[in-house]
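Reading through the structure tokens given below for one structure.
To keep things simple, chains are lettered A, B, C and D as they appear, and every chain counts its residues starting from 1.
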């Protein structure tokens, strides 16, 4: 199964490991995978016409409340990889992102993650009706 | 309850947020909490006389296989905080770290995390008998 | 000469290298020294009662226009070090920071840097009269 | 003048700003430009068939001894940009990289840098004859 065949409703972004992202052990530092996952989510939201800055100016924020990341296999210097983004609604305020990282070209599973986010308006949890609509999660 | 009173078997490390760790939203970027948690774990292991470099030279690695992090409240520029480390054995190859981040001085809970690690020798899962002993987890 | 004896007008901040700041070569990644230098400058300004946030709210920014950094010797995992900050006025809009990094406890010179900053109000260069006064650079 | 027309002997790499690279002021943090410059240099060397890992295994390292970076204009979230790499020999042990960062598509100059590197074998300065040849700097 190639990355391109996984993309039904899914969004995916390609990256290459940069040397400064690796640590003493010669592999990508664990925290950097969270950067990759975040960047892929933001690219996905932009592709849906959603701008964090514009939302924030209207007082609406989508904040991460929980991350669960399973590290299956490490990436090394100059590895290419794809980060996928899939999404579901959970209750009234939570939007959950299911994400995976696959090495290219052998499609090896590197990371599997579930990222839970909540909508807040001026710091208080809200039902983000319009956002839900824009994301096709109604 | 003050940080100092939480320290039974527990190790804790104090930090202050640096400006470059904050992002566009004016709060610490989510991935940086993972850096704080990692640094506190490494300080803890060093306090037990355990050196990653020495272990690695003997072929033994303690690798992170899963992180679960709940974000309760954000840290901001120049906030002081303490990261706690507590630990338990899980099965034969896994050592689990329970960690919390509290803001200083009001002791507000910022992050709650469970970090699962596995011992590997030359890439294969092993029972880290000596490490278990050094950590007092027998 | 110990770090404490260097502090005439000077400000200094102590750090310890964190593992995630090191790269594949086992030494601190070059860009991270810029983080250390920045953090020490901000701590210095705070010690003079100067808050970037408050300045920014009044429309005044102190922006870095040039960095010159000489790398003399690398820092490694868990090294302790001190970052010094000294300062001078250059012309009407520039404030220059002279900074050094010394390893502790052997006082080995690690980095020597000159950081040039300019004051801007709403993006235009200005003479920061009040800031110059607060910093004792009149 | 478009980026593509600047590439005579020059190598260039395209990037897009990721949100986590921006700081409190809403612009890319100064240290991150050093990451961009480094990544472009490494890509350039790889394009010349030069592997840091292989060199390092033979005991030869190309280490950065000085950086001079002029910050002309800030990059913001999601800006696209190109990093150029040009190179010259300086004396017997130094190889100097001249690098620029231009925003895409308006070609605005963002950063101008000179990065000085020295070849060392087992920590001692050496004349890197073979490297000089591979890089076409004879």
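Just so it is clear, contacts are C-beta pairs under 8 Å (C-beta built on N, C-alpha and C of every residue); 3 or more make two chains touch, one makes a residue touch a chain.
Everything numeric in this text was worked out from a predicted model, so none of it was measured.
Enquirer: Check A-D against A-B and say which one is joined by more contacting C-beta pairs.
Expert: Top pair by contacting C-beta pairs is A-B.
Enquirer: CA centre of subunit A versus CA centre of subunit D: separation in Å?
Expert: 29
Enquirer: Distance-wise, how many Å sit between the C-alpha centres of subunit B and subunit D, to the nearest whole number?
Expert: Their C-alpha centroids are separated by 35 Å.
Enquirer: Could you work out how far the Cα centre of subunit A sits from that of subunit B, in whole Å?
Expert: Each chain's C-alpha centroid was found; their separation is 23 Å.
Enquirer: So which stretches of subunit A touch two or more other chains?
Expert: Where subunit A meets two or more other chains at a single residue, that happens at 19-20, 24, 31, 35, 38, 52-53, 77.
Enquirer: Chain adjacency by touch: line, ring, star, complete or other shape?
Expert: Topology of touching chains reads as complete, every chain touching all others.
Enquirer: Can you tell me which positions in subunit C touch subunit D when the two form their complex?
Expert: The touching residues are 24-25, 30-32, 34-35, 38, 52-53, 56, 61, 63-71.
Enquirer: Can you name the residues of subunit D that touch subunit A in the complex?
Expert: Per the touch definition, subunit D meets subunit A at residues 18-20, 35, 38-39, 42, 46, 52-53, 77-78.
Enquirer: Looking at the complex, which residues from subunit B come into contact with subunit D?
Expert: Within the complex, subunit B touches subunit D at residues 19-20, 22-24, 26, 29, 31, 77.
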